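Dropping the structures in below, format is structure tokens.
Paired with chain B in one complex and with chain C in the other, chain A is shared by the two complexes that follow.
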Partner chain A sequence: MQFDDSAPVLEIKDLNLSYFTRAGEIPAVIDFSLTVNKGESIGLVGESGCGKSTVAMAIMQYMGSNGAIRSGSIKFKGVEMNEMSPEQLRNLRGSEISMIYQEPFASLNPSLLLGSQLKEVLTTHEGISDQEAHERAVQLLEDVKLPDPERVMGAYPHQISGGQQQRVVIAMALLSQPSLLLLDEPTTALDVTVEAGITKLIADISKKYGTSQIYISHNLGLILEVCDRVFVMYSGEVVEEGTINSLFTWPKHPYTHGLFGCIPLPTADKNAAPLQPIRGQLPLPHERPNGCNFGPRCDHFQEGRCDRGIIGMDYVSGASGSDHRVRCLRWNEIDYGAEVAHGEAKPPMEFGDEVLAVENMQKYYEVHDRSLAAMIKGRSVRYVKANESLNFSAREGETVAIVGESGCGKSTFAKVLMGLETATDGEIMHAGEPIGEVDVHHRSTEQIRGLQMVFQNPFDTLNPSHTVGGQIARVIRKFGVESDPDKIRERVMRLLDIVKLPRDFFYRRPRQLSGGQKQRVGIARAFAGNPSMVIADEPVSALDVSVAAAVTELLMEIQREHKTTLLFISHDLSVVRYLSDRIVVMYLGQIMERGSTDEIFAPPYHPYTEALLSAVPIADPEVTKREIVLEGNLPSVLNPPAGCPFSTRCPRKIGAICDDERPPVHQTNTGHAIACHIPLEELREIEPVINVPSLDERLHVQNPEVVAD
Partner chain B sequence: MLKVIGTRLGVMVLIMLTVSVLLFVMNEGNPRLVARSVLGPYAQPEQLDAWVEKNGYDKPMAVRYITWVGRIFAGDLGDSIIYKQPVNNIFWKRLGNTGILAGITFGIMVVISLTLGVLAGMKEGSARDRFISFISIFTTSIPEYASAVILSGIFVFWLAWLPGTSAMTGGFNAVELVLPVMVLTLYGFGYVARMTRASMAEVMTSNYIRTAVLKGLPYWRVIMKHALRNALIAPFTVIMLQFNWLLSGVVVTEFAFGYKGFGALLLEAALRRDIFVIEACGIVAVFVAVGTQTIGDLAYTYLNPRIRFS
Partner chain C sequence: MAIAESSTEIPQPPLAIVRWLRSIALLRESWVGMLGGGIVALFVLMAIFAPWIAPFDPNQPILPFAFPGDAAPDGGTFVLGTDHQGRDLLSRIMWGGQRVLFYATAATVCAYTVGIFMGLLAGYYRGWADELISFVANVILSFPVMVLYVLIIAKLGASGANIIFAVVFASSPGIMRIVRGLTLDIATRDYVIAAQTRGESTMFICLIEILPNARGPLIVDFCLRMGYTTITIGALGFLGLGLPPPDPDWGGMISDTRAFITGGFPHMAIIPAIAVSLLVLGFNMLADGMREVASRD
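Our next item is the complex of A and B:
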């Protein structure tokens, strides 16, 4: 094969991909064209089912037995890939084109040493000796900033952390210095601060080696940070493409525009500027409408025009986007300038009495160490301090968020509140009654009714063999809200109305529902007994952007109506900022900072909060951030640092005192509390991490032509 | 690892002890019944009492159990009632015969079933997969007594290639082993093959196989290096279980071909209440069952690094 180095690295033209199922041919990707130049990074965004991963698999020519390339061409450095022999493809894969996957643990072979998995890339493609391959692999592991590369070489995948696994996968992809790197949601399974580190690493390394990238993600903020150009996909088609600046500042397609209305950007506010979900649902691949696929959900839909024929990509004229294309007939008729992408403003909530008070709550788990050494030393029982002296309260109608990364103890706290675990020490008062040491079997119906939960994963929280109506009705009956069958039915119907599901869902079973619909049922179930407080544990993190926006808005609407206290548990600071009134930041089982949302998002910050804020990708090119990348991993909960839990990773560490002594809690008279050795005055002088320009400084309100000149 | 082995061995001894108590109580719990088995149906009550006293069966059961265990450890398995000679004289030879039959069958069966299972699982749903799956289910569905008759019909009566009995009257004769091995393999391989196929098929759809393919490794390397090891972990336990079946499940086959093995001995002893032979067979069967299970568990731990280093 003779590659033409002057040709683009990858050139896809008029590509059509289909899957063949029992129901017949299902077009997965339609009319897809894309050019990747040397050193360029391209972003592919879209919600699940839009075809973005199918494109990546087609580039790899790995479509599975039921997928096929129907027409079009994929050229790698001028050579048609669709005509390559299996042997030629094999030589290309892993050496010229590499891929980084979503779940690092699943993509590494569990029973082979990492060293062997790394080396084989080189021994296969370059035919070099094992020794030489070993040296190159170690070198690259150092480049991806893995501590102690030799140890990693001799380890199995499960022996290193998730972030480290992804670094190994990255090293594996880069070993033979590919020209093109495909990244399929490479950081979705990772924690925010780890994600920030990995994102930076990928950017640095591809700059160093001049690698082109195709970056697939559902996260617009992340795409903004890592890509030069972006392609927005909807239902198998690219609906808009352009440079980052052009597309993020002047989105032309109603879908792209709608997406921005669904993301809790720093300019959104739950009262003044709520999210505006896109109505309706993604059409199933075999039920796509005529004309524009987005037509049925579009506010600018014109009958007789948008629902006819095939709509092609059109260049957006004007200086703002010589490279900006959009698949919309009406792009130059719609004026987004005046229209701001958010919903109707509502008055802020008024808070009532205190509903929940947590005082010095502790939850320790005993871990029995059965090794001989521990028995001899007499230390066979150790404690995992999942929660250490938690203090906070919540009032009626208030939304309190608990933020932190995996392992910070936020879910343990939820379990104690629900009575699935009991507190080791301290006190939890809910509605005037102590519940900390009462497990759920010993709670009164009234107590259980008053404290309900919306779970993270809607897919397996509903019983698959009962109807939706039956599951909600059971809650109403159990809690004694109603006893008359007709009245119960009436109540279920009203609940379905409240969560905006059609009434005939009463008879449906969970498998007939989409993820968003299941979560709505989960919410209806939680609110069925009129609880005074609802715990929502990452209720939207498993859902797509536009669905998540709708579910978030729904949750808040019901809360507003019922004056429910909402305890929102999440790792996503942008959602938390958007919907909570007060925030508790946790790290390794301890509260690092707590205060009102404004207090948390403005200095003084706890150094951990500061790093968290910096790590959150924001899908707004005009918002600037200070970059703080945390080094190292989360310490083990079995062996936490003796002093400040954050001391091992803190960029602002002031010395040995951080390692040895528990930090004091600085508290202001408004209730803002920070646990840190650095004096409050000093923390106050730190510059804000996120800088949001005021509305009149914004580019999109000005004339694009003028700006480009 | 040492600790794991230690615990496993401990558990193994415990199970053996429990089973030996059960065996003892069931067979020798009632002294007069033992005497009746030894002396035959025509013995008078006085004779039974005399026998009980003479052989120490009037002592408490716990004492008798301990003496019994001690005797077994000393290598004395008692006397066979049918053969009127020490159990040791016949038992070990019979066990050895079954060992030969089981060993050969095991070797052939494992090779066939793993190969077929892997071949089928490599491409789930392919014509090859369907063919192998069909054959596996088909052969497993034919019980040994049926296949023994069918195969005898073909190879003994029709083609006249093989002898119809395997009594080894003229000394050891490998040809006489062919039919029993065939019957056992035919019945046994399908189960392991299907387990292997399921495991292999699952591995082939895993993300790390995709990683390996997209690394540009040659197909045979993906199979040999990445798929096989993971795919063979699950069937391994099933393979170890086959030992039990090959020891005590071969009764039908041994009986059908007149092969003088362990299964036939156990059958005979059970039919005629040959207490001491039954006890010896029971102890050995349990030992093999527990022993292979222990080896299986330990090997599983070794094969699966996620358990080994946790």
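Our next item is the complex of A and C:
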């Protein structure tokens, strides 16, 4: 194989991919063209089912047993990949083209040492000696900023953290110095602050090694941070492509534009500028409409024009759009400036009496160490301090968010509230009654129905064996809202109306529902007993952008109508900023900072909040952020730092006092509290992390012709 | 919210029986399952209609040592011949099938009731309940199964009820293990947590929320176990520990006539042996087919 180094690293032309199922041929990707130049980073965004991963598989020439490349060409450095022999492809994969997957743990062999997995890449593809391979592997582990590479070489995958595993996977992909790196949602499984580190690493590496990248993600904010060009896919087609600046500032396709309306950008506000979900659903691959795939969901749809024939990619003219292309017949007729990218404004909520009061709540788990050594030392019981002295309250109609990364104790707290666990100490008052030490079997029906929950995973939230209607009806019967079967049925129907699902979903089974629809049923179930408070544990984090926006809006609409208190548990600060009135930031079981949303998002910050704010990707090229990348890993809850829990990773650590002493809680008169050794005055002087330009400074309100790219 | 107001007439879902038949119809995707199901259905029909379709009285000696196809003295044919006492083999196979299927089904259902109960208990409560139940199960499973059967029947006497008891004792630990494993997994699902948070009783959670979702693997295992139990009943009959005579029992039929295998009349023992094998094969193929269909979707 003779590669032509002057040719683009990858050149895809008019690619059509299909899957063959029992139902016949299903086109997965249609008319796909893409060129990747040396050192360039290409982003591929789209919601699930849009074909972005299928493209990656086609580039690797691995379509599985039921997939096929129907037409088109994929050229790697000028050589047609579709014509390569399996032998040639094997040599190419892993040495010239590497792929990084979503789940780092699944990409590493759990029974082999990391060192031997890393070295294998080099000994197989380059045939160099074991010693030489070892040296290069260690060198690369240093490049991906893993502490103590020699130790990592001698470790098994389960002995290092998820973030470190993903770094090893990246190192492995880079070992043979590939020309092209395919990344399929490489950070989706990781925590936000860890994600920020990996994202930066990926961006740095493409600069250092000149590696071209194709970065697949559903997260527009991440794409903005790592890519030069972006391709937006919808239902198997690219609908828009362009440089990051051009596409993010002047999106031309109604779908792209709609996506931005679904993301809680810093400019969105739940009252003044709510999210505007895209209506309808992604069509199934065999039910795609004629003409434009997005037609049935588009506000600018024109009958007789948008539903005819094949719509090709068109160049957007103008200084900014020299290589900005869009698959829309009406791109130059639609004036987005005239319309707002968000829904109708609503009056702010009024808050009532205090519904929930948490005082000094603690939850410790006992861990029994049954090893002989522990017994001899007489320390066979250790405690996991899942929640330590939690203090906060919530009023009627208010949305309080608990924010934190995995292991921060937010789920434990939800369990205690729901009565699945009981608090070790402290008090929780709900509607005037203590519930902290009462488990669910000892609570009255009244107490139980007053406090309900919406779960995270749409695929787990409904029982697959029972009908949707039956599951909601059970709640109504259980809580004694109604007892007459006809009235129960009527009530279920009304709840289905409220969550905007058709009434014939009553007899459907969960497997016939999409993720978003299941989440709606979960919301109907939680609200069936008219609760005074609903705990929502990451209710939209597993959903696609446009579906998530719809579910978020629905949740807030019902909350508004019923004046329900919402306790929103999340790791995503942009969603939290958008919908909550007050925020509690947790780290390793303790509250680091709490206050109103505005207080949390402006100085004074707790250093952890500051890092979190910096870590959240924002899909707006004009918003500037101060970069704070946290070093190190989350400490184990079994062995937390003695002083401030954040002291091991804190970039603003002031000295030994942070390691040894519990930080004091600085209170302001508005109820803003920060637990930190740094004096409040000093924290006040910190510059804001996120800088949002005012509206008239913004590019998109100006004429794109004037602003050169 | 205006979407659904108009649709007051909601299409009713199909009745439960229709849905059942539809799931069974899925088996047509697998020829192994179809064949197995066909064999089993044939035996079941034969057992149910034995009183009407059996050509002779199964316990009436007519003509000893008749070969298959020989004519009976009072008209009719011994399609499969007769045994050493002159009883018609085909009629005995039919009536014996009725007994074998009845006791195999009864014993397996009872074993399942006990196994599911224990498995749910161990898997849902975990902790010491799990440790105790699992320990007892492991002790029982560590005995050679046949020795266990012989001991129980020898001690309690050969009767239908005792055979059922022996099967329950020996096979419910295995069922318990399957149910326990499934329960451990299902109990962590959000819908179970949702049921817990609305204060449902443990009974409701186990039977309504957990058990229906464990049915897939259990139905497959049930078919396999029906096969094992058929063999067990046959083996016990062969050892003389089966159902009391004179009613026919396949295992007993083989045992009674085994002396004549070398004496020129092998069909007397071979025909009931084939009946046992065929039925067990049918159950195993049915189980395979169901597994195949279930794993496809």
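Here is the rule we go by: the second predicted complex is superposed on the first by the 708 of 709 C-alpha atoms of A that agree within 3 Å, B and C clash if a C-alpha of one lies under 4 Å from a C-alpha of the other, contacts with A are read in each partner's own complex, and residues count from 1 in each chain.
One rule holds in what follows: contacts are C-beta pairs under 8 Å (C-beta built on N, C-alpha and C of every residue); 3 or more make two chains touch, one makes a residue touch a chain.
Keep in mind that what you see is a predicted model, and the values were worked out from it rather than measured.
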Chain B and chain C placed together on chain A: clash or fit? fit
Practice item. Could you say whether A:Thr422 touches chain B, chain C, both of them, or neither, answering first, second, both or neither? Key: neither
Looking at A:Pro110, would you say it contacts chain B, chain C, both, or neither? Reply first, second, both or neither. first
- Task: Please work out whether A:Pro502 is in contact with chain B alone, chain C alone, both, or neither, and reply first, second, both or neither.
- Result: second
Check your understanding: Given the touch rule stated above, what does A:Ser411 touch, chain B (first), chain C (second), both, or neither?
Key -> neither
Practice task
Look at A:Ser465 in the shared chain and tell me whether it touches chain B only, chain C only, both, or neither; answer first, second, both or neither.
Solution key: second
Contacts for A:Gln88 in the overlay, against chain B (first) and chain C (second): which applies, first, second, both or neither? neither
Max touched-residue count on chain A (chain B vs chain C) belongs to chain C
Request  = Check the residue A:Met60 against both partner chains and state whether it touches chain B (first), chain C (second), both, or neither.
outcome  = first
Vertex chain A, Cα centroids of chain B and chain C as endpoints: angle rounded to a multiple of 10 degrees is 30
Overlaying both structures gives a minimum C-alpha distance between chain B and chain C, in Å, of 6
Listed in rising order, chain B residues that touch chain A in their complex are 3, 125, 206-208, 210-218, 221, 225-226, 229-230, 233, 303-306, 309-310
So, in the complex, the side of chain A touching chain C is made of residues 418-420, 440-441, 443, 445, 448-449, 452-453, 455-457, 460-467, 471, 475, 478-479, 493, 496-498, 500-504, 506-507, 525, 529
In their shared complex, chain B is touched by residues of chain A numbered 60, 62, 65, 90-95, 98-99, 101, 103, 106-112, 120-121, 124-125, 156, 158-159, 169, 172, 371-372
Contacts from chain C onto chain A in the complex sit at residues 1, 3-5, 7-8, 10-13, 189-191, 193-194, 196-200, 208-209, 212-213, 215
